[in-house]
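Next, two complexes with chain A in common: one pairs it with chain B, the other with chain C.
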Partner chain A sequence: MDPKINEIAASISEIVKKLNGSTLYSQLKRAAQKEVEKPTASLATLKTDVVEALKTSGWDRLLRNKIFAYLSSCQASLDQSLPFECQKEPLMYMRKAQANWERRILKSMNSMCTELSIPLARKRPPEEQRALLHKWNEMGTEEPDLSHFRPVYAPKDFLEVIISLRNPNYCGLLGPEVDEKPSGGHWGLIQVPLEIPKLKDLQNQFSEFAHGHGHAGVDDNLDVPSEAFQNERNKIAKKVLDEKRSVLAQYFCRNGCPSGHRAEIWQLALGVTVNHLDVLKYEQLKGYVLQHDLLVDSLIYKDVKLTAVNDDYYFVFEDYLYQVLLVFSRDTSVLNHFAQSSAMPPKSFIRAQKEPSGTSAEQESSLTEAIPVFDVDKLTSPNQSNFNYTLIKSKPTFPPHLGICDDEGKLGQDEYAVVYPPNGVIPFHGFSMYATPLCYLYAEPVGLYYIFRQFYTRYFHRLHAISSHPQGIVSLCLLFETTLQSLHPRLCRHLQEIGCQPLKIAFKWLVRAFAGYLATEQLLLLWDRVIGYGNLLLLPILAVAIFLFRQSNLFLITSASGVEASLADITTLHVVPLIQLVLFPT
Partner chain B sequence: MSSVVTVSEKPLSCSIKPPQFLGIGDTQFHSGCAVIELSLPNMGSVDIGKITFVNNYTAHLSIKMKVHETTKVGKSHLSWKTGIHKLVLMPNAHCEEGSQGYFTLYPKDFFRPPLVVSSLRFVLYQPSPSWKTFSLEEIYVYPAVAKDSQTPSIPRWLLRDFEEMATTNDTKPRDQVQSEGLPDLDDLSVKMQQLWMITQNTNESVPNVDLGRFDVDGCYEINLLSYT
Partner chain C sequence: MSKAIRVGRGFQKKVAGDHRIVRYRCALNNVISDMLKQKPGWVEAKDGEDWDFYWCDVGWLRENFDHIYMEEHVRICHFRNHFELTRKNLMVKNLKRLKKQLERESKSESLKCDFFPMTYELPSEYHIFVEEFKKNPGIVWIMKPIAKSQGKGIFLFRRLKDITEWKKEGYKVNGDDKKEETKDVETYIVQRYLGNPYLIGGKKFDLRIYVLVTSYIPLKAWLYRDGFARFSNTRFSLDSIDDSYVHLTNVAIQKTAPDYDPEKGCKWSLQQLRHYLTAKHGCEVVEKIFQQMNEIFIKSLQSVQKTIINDKHCFELYGYDILLDSNLKLWLLEVNASPSLTASNQEDYDLKYGLLEDALYIVDMEGRLTGKEKRVGNFDLMWNDGPIYAEDAYYVNTGFTMNVRTCTQILGKFSCAPFRRKFFTHSHEMYLLKLTGTQYLQNCNFGSIEARDFEHLSNLTLDSLSEYFENISESECVPEDFDVNLEGGVLTISVSKRTGTYVINKQAPNKQIWLSSPISGPKRYDFVNNKWVYARDGKSLHELLEEEFSKHLNMTIDLSDLPYHWNFSR
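On to the complex of A and B.
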C-alpha cells in the first residue's frame, strides 16, 4: 500500500479526534439536530438532507476552515512506537544542544531569583489584585523599579550557541583534521549540514514573485496606475472575505493584502475566530494574571520598556502589549506547540501544597510569605537531589501533614510539578516585538491576542529554538549564508576579509522576523507572505536581498563596525522589490 | 478456518556483528560500504514479520537474506537472495535528513517475502565523504506469527439457553419459570437501556478541551526552576 495513504488516514483520525469535543463539533451537532426536527425531514433521505442543509447554511465552510487550520498548524501526528523526543527532533546533537541551552536559561532565571530574593511565582494579596485590575488598561503608567532585572538572553547569546553547533560525525570536505578551523566545511558561521532549498526550489515555491504578478507593495507596472490596482485588490479582498474560506484568504495573502482588509484577511487565513467563548477564555486568563505575580511578568515589562516603548512606531501600544503578553504567559493552550518543537517547557515544583481543609488563614499567609534559602553553589549542579530548598520561617513550625518541600520535599514528585511560566515560553530580549506590529491591525486586545497566539504557535516559536526543522532558525541561518555566498561570492569575500560575518548582522533580523527593523507597512507586507506561503523562508531571502541591495556601499566600507552601522537603519527599504531582486533577478 | 499472519510483539534474540567496512588489505580508505551480519541462532529459520532499526548516517540499505530453497528434485538447500535493494534512508547523502531516523521494514517492502530466513546481511552504503562513520543501530527482527482467525468460542452455558429458547415457540413462560425471584426481565432491560444511554451520553460529552489550569489545587507558588 502507498505509505501516503497511511499518513492521510492517520491525519484524518487525528483531526477527527481533535474535532470531537470542540465547540464547532457541538455546534454542528446542534445544527444537525435542528435539521432532523424539521417537519419536512423524511427518514429515507435523512442523511443526505442533513448534510445538504449543513452545507447550504454555511457550516461546511466553518468545518473546512477548522480542518485547514489544523492541517497548517500541525504537520505530523506523533507515532506512539517511537521515543517522543526523537520525534520532536531527530538529531541527537541538536537535542543535546537545545537541552543545554534550556538549562542555561533556567540557570539564569534561577540565579536572578536568588540574587533578587524573589520567587518565580507568588499569589497576589487581594488588595494588590484589585489595584492591578483597576489599572489594567494603563499598566504603562506604573513604573516599577526594574533596574535589577535583565533580559534572560539576547539574540546575540543565542547566535553564539547556534554557531557552536557541531555534528560529531561530520568531517567536512577537507577531512576531519580541519575541524578546529572555522573554515572547515561551510564558509559561513553555521557548520551544520542541513538540507536547504536551492534557488531553483525557492523560485518554484515563490513563483508568485515572478514579474508579471501584481503585488501590493510594489509599483513596477507603469501601464496600470497604482490606484486602479489598489481598487482591484480591495475588490478581490472583499470577495475573499465574503467567501469565508481560509484557503482563499491564505492564497490571497501571497500577493499582499490591502491595508484596509488586512486584519480580517489574516484572521480568516489563520483560522482565528473570536466568539463569546474566546472572550470568556481571555477574561479567565486575565483573572489568572491578577491572581499570581510571576517573575516572567517583570521580564515582559522590562522587554516592552526596552523595545516597543523605545520605538517611534510602536510606543503608543505599550499598554496593549502588557495586557496581551501577560495574558499570553498564562495560556496553557500554548503548550501544545511544544509537540512540534524541539523545545521543552521549563518545569518547577510548587513550593507548598495547600492543606485541602483545616488550614488556618494564618498558617497560609505565613506559608506564602516564606522566604526561600538556597545554596547558590549547589544550584549550578544539575542534580536535583543537591537542591537545598528550605523555607526559613515556616519549616520548624509547620506540621508535617502540610506537605511543605523540605530538603527532599516535593521536588521530583510529579503531582507537584508545574510548568513555568504556564505557557512554557520564557521571553527573551525582543520577544514583545512579535506582538507589537499586530497592534496596528487590531484595536481590541482580545482579537490582537488570538492573532498573536496563532502567529507564535505556528511560526515564531521556531525562531528561538535549536532544531533541524526546515523552518527552524538554524536552517534559516544556513539558507541566508548559502544564498548570499552563491549569489555574490565577491561581497562575501570582502566582508570576511574585513572581519564581518554577515550572519552576525542578519541574525537579529531573522530572530525577530524583522519586527522593529522594517517600517511597519513593509513589515506587514512581509508577514502577509509568511501567512500566504505558510513558512518563514522569505526572511533569510530578504536578509540576503538587503546585503545585495547595499553592496556598492558595503564594498567601500573597511571595518566590521562600519558595516554594522551602514545596515543599522533599514526602515527605508521596500520588501517586495527586494525579494524579487533575489528570486527573479532581471 | 483461515489463519492471519501477524507480527510478534517480541523481537527475536539474534546475534549482530559490528559493521565490517569494505577495504583493501589494511589500507584505510573511504569505500562507503559496510556489511552487518545478523544470524538467528537456535532458530533454524524464521518468517520475518518486521524489521526495525535506527539509522546512523547510512544513505542506502540493501538486505540479503539466506533462505531455504527446495529444488525440483526435492532437495533443500540454502541460498542468498536479495530482499531489499538500495533503499533510500537519507534522501541527500550529504545532508542530515534521515541520518538518525527510525525505520520499519515490512514484508511488503521486500522483493520476495522474507520467509524461512536463517540469516541476514545488511549492506550499508554511504557515498558521501562528509561523515566519519556510518552504521545501523538497534536492529530488531520480529517474527511473523500465524494466528487463527476464528473468533473465541461462546461458552456453552450461554448457548444452552439459546438452544432451549429456539426449540420452544413461546419462550416467555419458560423464562419466567427460570428467573423466579428475579425482577422482570423486560422491565430490567428497559432500565438497562436507559443506563446505557446515560453512560453513552456522558462518554460523548467528555470534552477534550483543556480547562487551562496551571496550578495544583489552586497553588502556584514557585521559587526555582527544576533542571530535570
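On to the complex of A and C.
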C-alpha cells in the first residue's frame, strides 16, 4: 500500500482523536441535535439534512478552520512505531546536544536559586495576592529589586553551543581532524550537514515574491499611485474576513495585510478565537499568577525591563507584557508543543508533608485541566533549612505526566515531580520581544495573549531549541550562511578576512525573528509572510538580503567591530523589496 | 515711564558675506538661553544695554510693551495680548464666537469647530454650569485655574459638593485676609472631562504640537513636525479620580510621580504614534486624524485673528495640547504661549533645541530668507493667508501628510512600472525628487533622510573625503601648507594661503552638508539619489570638489571610489 495513504490515515485518526475531546465537538453535537429535534426533520434524509444545516449555519467553516489549525500546528507526524524521543528529534547527536544545553540552563537556574536563596516557587500570602491583583493593570509601576537576577542565557551563549555542534558520523574529505580548522568543512560557523533548500527551491516556495505580484510593503508606499492597490487589498481583506476561512486568510497574508485589517486576519489565519471560555481560561491562569510567585516571574520582569522598557517605541507596553508573559508561564497547554520540539520541559519536585498533591493532579484526565501544578506552599518556604529548589532534567516522556518521573529523580519521590515552570518554557534574554510587536495590533491583553501563545507554539519555539528540523534554528543558520556564500562569495571572503563571521551578527536577528531590530511596521510585514507561508525560512533570507544591501559599506570596513556597527541599526530598511532582492534579483 | 524707550538702535547694516551682530536678551534660563548663547553672531546684551531680540516672559511684556518703541528689525517672542488664545477661558470664548459666526455661513464649516469640550468660566458662569451639570449627572468634570500652566491647581470632581467646598474655601481665604480682593477670586474654568481617551498599552496620552505664528494679519503659521505624545505613567481608569497622576499628562506633573524616571521619558514622537495608529487602523483613518489636527490649528488661530493686536515685531511659539479619544476624535485641551522649554532628558533637550533653532531661523534676524520658503528646518508653512497645498510643499514622511492625494497626482505623471520595484534606500521623498527634478528643491528646504541615516551618510562622506585628501597631501604637486582637518563633523581643507580654505560641515537639523568654497562660495547639499546634490545647479559635492581641486593642485582628482560619489556604483 502507498505509504502516503497510511500517513494520511494516521493524521486523520490523530485529528479525530483530538477533536473528540474538544469544545467544538460538543458544540457541533449540540447543533446537530437541535437540527434533529426540528419538526421538519425526516428520517429518510436525516443525515444529509443535518450536514447541510451545519454547513449553512457556519459550523462547517469552524470545523474546517479547526482542522486546518491542527494540521498546521502538528506537521508530518513521524512513524508512530518509533520511540517517542526519535519522533521528537531523529538525530541522536542533536538530541544529546539539546539535552546538554537544557542541563546547562537548569544548572544555571539552580545555582541562581542557591546564590540568592530564593525558592523556585512560593505561595503568596493573601495580602500580597490582593495587592498584586490591585496592581495587575500597572505592574510596571512596581520596581522590584532585580539587580541580582541575570538572564539565564543570552542568544550569544546559545550561538556558542550551536557552533560547537558536530556530527560524529560525518567526516570531511580530508579526514576528521581537518574538520576543526576553518579551511576544511564549511566556510561558515555551522558545521553540521543538514539538508537546506536551494535558491531554486526557495524561489518555487516563495513564488509570490516574484515580479508582477502586488505586495503590501512595496506597492502601498506613498510615492507610487497606490490607492488602487490599497483599495483592492482592503476589499479582498474584508472578503476574506467575511468568509471566515483560515486557509484563505493564511494565503492572503503572503502578499501582506493592509494595516487596518491585520489584527483580525492574523487571528483568522492562526485559528485564534477569543470567546468567553478563553476569557475565563485567561482569568484562571491569572489566578495562578496571583497565587504563586515563581522564580521565572522575576526573570520575565528582568527581561521586560532590559528589553521593551528600554526601547523608545515599546516602553508603553510594559504592563501588557507582564499580563501576557506571566500568564503564559502558567499555561500548561503550552506543554503540547513539546511533542513537536526537540526540547523537554524541566521538572521540579514538590516537597510534600502530607498527602501529596501530585496524586490529585495525576487523576485529572486531561493535561490542560491539571492545573494546581504545584501546591508549592508545601514545597518550599524560605525558613525551612533544606528547602528543595533543584530542577532536574526530565527524560523524554510525553505527555509529561505530572508526578511520573524516571529513576533520575533521586532528589525526591517521583510522584511529586512537576513541570517547572508550568508551561515548560524558561525565558532567555530577549524572550519578551516575541510578544512586544504584537502589542501594536491587539489593544487588550486577552486577545494579545492568545495570538502570542499561538505564535510561540507554532513558530518561535523552534528558534531556541537545537534540532535538525528544517525550521529549527540550526537549519536556519546554515541556510543563512550557505545562501550568503553562494550569492556573494566575495563579500563573505572580505568579511572573513577582516575576522568577521556574518552569522555572529545575524544570529540575534534570527533568534528574535527580527523583533526589536526592524521598524515595527516592517516587522509586521515580515511576520505576515511567516504566517502566510507557515514557516520561518524567510528570516535567514532577509538576513542575507541585509548583508547584500549594505555591501558597499561593508567593503569599506576593515574591522569586525566596524561591521557590527554598520549593521547595528537596521530600522530604516524595507523588508519586502529586500527579500525580493535575494529571491528574484533583476 | 511716560517716555517711550527706543529699542534696537545702531543695528549693523548687513555686510556682504558677513554676519551682522544680533544683540539679544533672554528672560529664561533653560534650553532657549543655551541655544542663543551658541548662535554665531549673536551676543547677549547686558542689563540696560540696547537689544535687537528679546525672549521675554509675559510679565515683562505686560509692564513694558507699551513704553517702548521698537526699530523695524526688532523681534520679541509674544504678541501684546497673547492671552486671548492661551488663557483657557478666553480661548473658549473666542472659539465659541467663531463657531457662532460660522454657523451663520455654513453648518458644515461650523461643525469643524467642535473640538473643544463643554467649558464654563467660574465663578462668572457658575449658574449656567450648574444647570448643565444637572443635565448630565454622573459625568466627570475638571477644574483648571485659567492663568496657571503646567498642570498647577487642577483637580477632578464628580459631585457638586466638591466644588461648593472649594468655592467656600476660595472665598474664605480671600475674604479673611484681604477683604478688598474678594472680587479678585481666582478664575477657574470647569470643563467636561473627557472620559474615553484613546489608550495605548492601557495608558492615556496627550499630544503636544508646536505652532509658530509670525503674523496674524495676514495669518502666517508654521507647523513643527516633531511633536510628541506624552504618556501618563499609570494605567487609566476612572475609578480613582483622586489620583491626578493618571489624568494629567503634562510632563510637569508627571515628574512628581514617585516612580518617574526622567531617563525613561514618557514620550513617543508623532512619527511613532503615527506608525502605531497606522498599524492598528490603517492609513486612511490616520490621515483623517491628522487632517482634524490641522483643522484645530487653523480654526483656533482664526478665532483670535481679529482680536490679537498684530505687530510685525512679534512672533509667538504655541504649544498645543490635544487629546485623542477612543472614537479617534481630537480635542483641543489648551494652548500654551510659553511652552515648557525646560528639558526633561537629553532627547527632550535635543528636540527643544532644534525647535528653537528652527523657529529663530524663521524669525530671521539675519535676513537670510526670501520669504517664499515653504519649509524651514522642521517647520512647514501650513497657512499663509490661505492653506498651503501639496503642490507647493510636500509633506510626506512627517506627522502631517496633509495632501498625499495631491502628491500622488503629481507623481502619477511620472511614475511608471520600472519604478515600482525599486528598492528604497532612503525615504520616499528622495524618490519623488528624482522624479520631479530639482525644481522642488528651490521651493523647499528639504531634510528628508531620517536623522539616523543622515548621521551615517554624512559621517561616511566626510570621513572618506578627509581620508582621501590626507592621502594626496603627501604627493609632490601639493603645496606645503596644504592641510586637512576633520573635527566634530567639520572638515577643513586649507589648500594654500593664496587660495584659501574649504569648509565642509554637516548640518544635522537640515540634513544637509554645507560647503564653503573660497572660489565658488557657499553651497548646501541635499542627499538625493545616493549622492549629495546642490539644488540650484544640480551638481554633486564630489563633482565640484573634483573640478576645483584639480585646478588648485594641477593634478587629476578622482573621487569616484568614495561613497556617495556622483557615479559611485553600488
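Note that the second predicted complex is superposed on the first by the 515 of 586 C-alpha atoms of A that agree within 3 Å, B and C clash if a C-alpha of one lies under 4 Å from a C-alpha of the other, contacts with A are read in each partner's own complex, and residues count from 1 in each chain.
Basically, contacts are C-beta pairs under 8 Å (C-beta built on N, C-alpha and C of every residue); 3 or more make two chains touch, one makes a residue touch a chain.
Remember, predicted model here, so these are calculated numbers, not experimental data.
Peer 1: If you stack the two complexes on chain A, which partner ends up touching A:120: first (chain B), second (chain C), both, or neither?
Peer 2: After superposing on A, A:120 lies in contact with chain B but is clear of chain C.
Peer 1: In the superposed arrangement, does A:167 touch chain B (first), chain C (second), both or neither?
Peer 2: Only chain B; A:167 stays clear of chain C.
Peer 1: Check the residue A:574 against both partner chains and state whether it touches chain B (first), chain C (second), both, or neither.
Peer 2: second
Peer 1: A:330 contacts which: chain B (first), chain C (second), both, neither?
Peer 2: In the superposed model, A:330 contacts chain B only, not chain C.
Peer 1: For A:110, using the defined touch cut-off, is the partner it touches chain B, chain C, both, or neither? Pick first, second, both or neither.
Peer 2: The first partner, chain B, only.
Peer 1: So, A:448: does it touch chain B (first), chain C (second), both, or neither?
Peer 2: neither
Peer 1: Once the structures are superposed on A, label A:346 by its partner contacts, choosing first (chain B), second (chain C), both or neither.
Peer 2: It touches chain B, and chain C stays clear.
Peer 1: With the two complexes superposed on chain A, say which partner A:537 touches: chain B (first), chain C (second), both, or neither.
Peer 2: In the superposed model, A:537 contacts neither chain B nor chain C.
Peer 1: Counting touched residues of chain A, say whether chain B or chain C comes out ahead.
Peer 2: In the superposed model, B touches more residues of chain A.
Peer 1: Touching chain B in one complex and chain C in the other: list those residues of chain A.
Peer 2: In the superposed arrangement, which is not itself an observed complex, chain A uses no residue for both chain B and chain C.
Peer 1: Name, in rising order, each residue of chain A that touches chain B in their complex.
Peer 2: The touching residues are 1, 17-18, 20-23, 82, 86, 90-92, 103, 106, 109-110, 113-114, 119-123, 167-173, 176, 185, 192-195, 281, 284-285, 288, 291-292, 330-333, 346-354, 356, 367-368, 372, 374, 379, 382-384, 387, 389, 411-412, 415-420, 422, 468.
Peer 1: Mind listing the chain A positions that touch chain C in their complex?
Peer 2: Touch residues, chain A against chain C: 137-138, 141, 143, 211, 218-227, 230, 234, 258-263, 309, 312-313, 315-320, 439-441, 443, 519-521, 524, 549, 551-553, 556, 566, 569, 571-572, 574, 577-578, 580-581, 586.
Peer 1: State the interface residues of chain C toward chain A in the complex, per the touch definition above.
Peer 2: 199-203, 231, 233-235, 237, 259, 264-265, 268, 272, 275-276, 278-285, 396-397, 401, 404, 407-408, 411-412, 415, 419-424, 426, 428-429, 431-432, 450, 452-453, 456, 460, 464, 563, 568, 570
Peer 1: Note which residues of chain B are touching chain A in the complex, please.
Peer 2: It is residues 56-57, 91-92, 94-97, 99-102, 108, 129-134, 206-210, 212-228 of chain B that touch chain A.
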